[in-house]
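In order of appearance the chains are A, B, C and D, and numbering begins at 1 in each one.
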């Protein structure tokens, strides 16, 4: 496990930004491991992700924040500091389909996902055995037409209780209420089983089958108040033909869903994603 | 150049279809080179494409049609007979962007497309030199807000004059009127520069850029009265990232457009496509 | 679970093959659900897979074999008859890396793989808990430099004991001896973590990293006496860049391995694969 | 046409590199448009590409080289300075197959390739009309078993005469002698019609067809003395099946070849490629 810090910056573009940041880090002994910038020249925006080894770095978190604030204010930066030694805490929400859940738990076990998984929350009891096998507490929160608000409150209390930073909707089939979404802004990742914006909403495989498309897709995105309309993190597709019936689309789609969701989760956990407008920058 | 016949069949599914067709062909000496079937078990439909060498076949076109009609009527078949020695006659429509036109003409020259190209029709004069280089008559038919109906009539007269079987819209940016479309039903192929049904209509690259998708696509389809809604023949996508500006999408999209359009044209010319409902079966 | 029969045929190409087969099936009441042919016109070979509903079929397995033998002998056919109601029995071999094992077991549980899994065999004890979770007997057969032959005998006895039809090497890192391979000809599927024939043999990710390729791949194939040289069933690739270090190749490769192995296994279990020469026909 | 400078750097990794470079550029008024770094942490190497607008930059080329040399020497940098306003001069070599040539010329015409094309050189006369159409001088240099050395001398003289910076082998089927290669080190781009290192050498499509692979590929790379072994710039693949005969591989391969060659050429012309060891960093 490497001991690094990650700094994420977005601000109006201007001359001298990289020089200011690089100089600040250099003066404090940072050994930069990765640095990546992006400029949206049309909108005049600058984005940067820089990761450095903490071995010779002479600032602790508190002092860094204090000192860097002055640089940041002068240059109108929005910024975030993260430490790889402090992994995020990720809750997984699931309904009946468990392929994404099983995939995330296995990836977590073998070290692909740098996080803790303190709790799995489901509106169905089915995933209990899988949660047990992976040693993750499982909380069953039924959701009905009548108890939606109460269920959401219960879920949010659980998230508080378990100190959750990131919510992953692993084929969780209920819509979250607006106050839930706004509390976890850019911290809820969903997978939708279509190539958005095509086939948003319910039953996308049926819609794709009806339309006769030649590729099916899946999309992972941050959840916003507008359904299936949040910033897209990752998408992928797979070829189908007239030989594929609806059940074949569903089967092929499961693999797509697992891939695009797990990539999005990994990038989020590695602090590679910056949102702006309704889009994402994914530093690779 | 091989000398083959191709029979395309669609009908209600029932027992004995393959036996009846195979037996008919066998009794007349057909040496089958390719045969492919598809059954839509949900809708109870049967589709077949069979191609055979004419060397030992003992029926000419007229006699075949007469004899096979009896089999076809008994089994409620819709069918079409095509001869590889009688290539279709393909008109290319183009506006200002010539990448698809240039691509199709080059593919035709090296023998990838089994057809004649008797005429190129454009609402701009720009493509004249390319047409000249490839030795194809070029007809400039300007289209304005006022003369749409007259222009369409002129175009249809040209198609008659040149004996055209297939119209390919190679980034032709004008909408064809309903009577044109209905006269060339399933004989007009368009390329749309998005992954349909996402971003139908005007300016799809701008829309894709705005939405922040991670893959861009292109779609070739038969033209119907409903814009961008005809049966899809082929689609493909390419990965983009936040680094790609709008002009990069346009540039990457050009390659996609050439690929999906040329594949659709080739499959049509090789009589590999059957439409049903609003979908296609593409026998490969 | 549908109740169907599948007939797989390969033979010298000649006129009347489809007619003979279709006629035979029709006369006995077969309701054909899928039929697919392939002709290798260069080598003069014919391949066919036909699947039919047994509901109205008037021949049982014994009678079918007796009657069809006459047709097959006359037309020099090699053929196999399979019943979907009699799923194969698949043993999974695994070493330390469990991603393919876990993937296959989950796919089996949700019904993607039409087989029984009577036993998991490993040269390491690590996979015992996963086997237990999925309720599959686990047999630990250590393999050392000295006991190779004895270990293989032990494995073959286990395969006998559990009535195994298909052996899947899910990242099993030992080479099987020739007598093992020859006893299970075209019934051992391996996954190799490269795009064969590139980087055959040991440590393919290291080799790919050294060579600086821009795509990494994985290959599933039937095992033959020649290492990594059996008939290829499926391959897939994923893009990498200079940013990907060796560990990134390994991580991305795991997903490829799971995909190409599971597809190959499914196609084998659905009797979609015919081998000829050192190649495969995969009827989709 | 934007007026920018591009600086490409490779050196041993150490602290303060980005700070030193960014500070130098900032002090001279550079408005940075793109910057990208890469660190090979294993080998301790640092690579950077930075592009800036020249509008407010206060150093001309000569002064820049003089001043930056001091920074570079201190930090052991290998570096190159390029100006977007001084496009490279690209010669295209071609034999009989013209698909890559035609593709490059069309891309050049519509502005996808930032270069001049002063000459096309071929060992066959066939491409003369295409060269004429695009207004590019065409020089026919026959190559036989006996005149190889003389032909290479003649070609090198032509490159001198036309002031060529980059040689693109657009399916040029002759091997270039070592002195030619060493004179144009990292300035000769070839396309090989396989997924290297698989099927290097002659007749790769036949070899792929024989082996029964499920994907075919193409590779663009810098030419070195070792055949098909130079640093890989780009690769891509396309799926094939048992239905694809050799001629289908060749046809599908043509599209791959055009794509991977044109991408490599574009990246080279935009100064996005750095070689190290036998690998490339491609800054995108």
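As a working rule, contacts are C-beta pairs under 8 Å (C-beta built on N, C-alpha and C of every residue); 3 or more make two chains touch, one makes a residue touch a chain.
On a predicted model such as this, the values are computed, not experimentally measured, just so you know.
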| item | value |
| --- | --- |
| Most distant chain from subunit A, judged by the mean position of its C-alpha atoms | B |
| Centre distance in Å when subunit A and subunit C are each reduced to the mean of their C-alpha atoms | 36 |
| Computed distance of Cα centres, subunit D from subunit C, in Å | 42 |
| Shared-contact residues (touching 2 or more other chains) in subunit D | 41, 241, 243, 284 |
| Overall pattern in which the protein chains touch one another (line/ring/star/complete/other) | complete |
| Complex contacts: residues of subunit C adjacent to subunit A | 99, 102, 106, 110, 112, 129, 133, 241, 243, 251, 255, 259, 284 |
| Touching residues on subunit B, where the partner in the complex is subunit A | 38, 41-42, 195-199, 211-215, 217, 231-237, 241-243, 245, 277-282, 284 |
| Of subunit B, residues touching subunit C in the complex | 15-19, 22-23, 25-26, 29-37, 39, 41, 56, 239 |
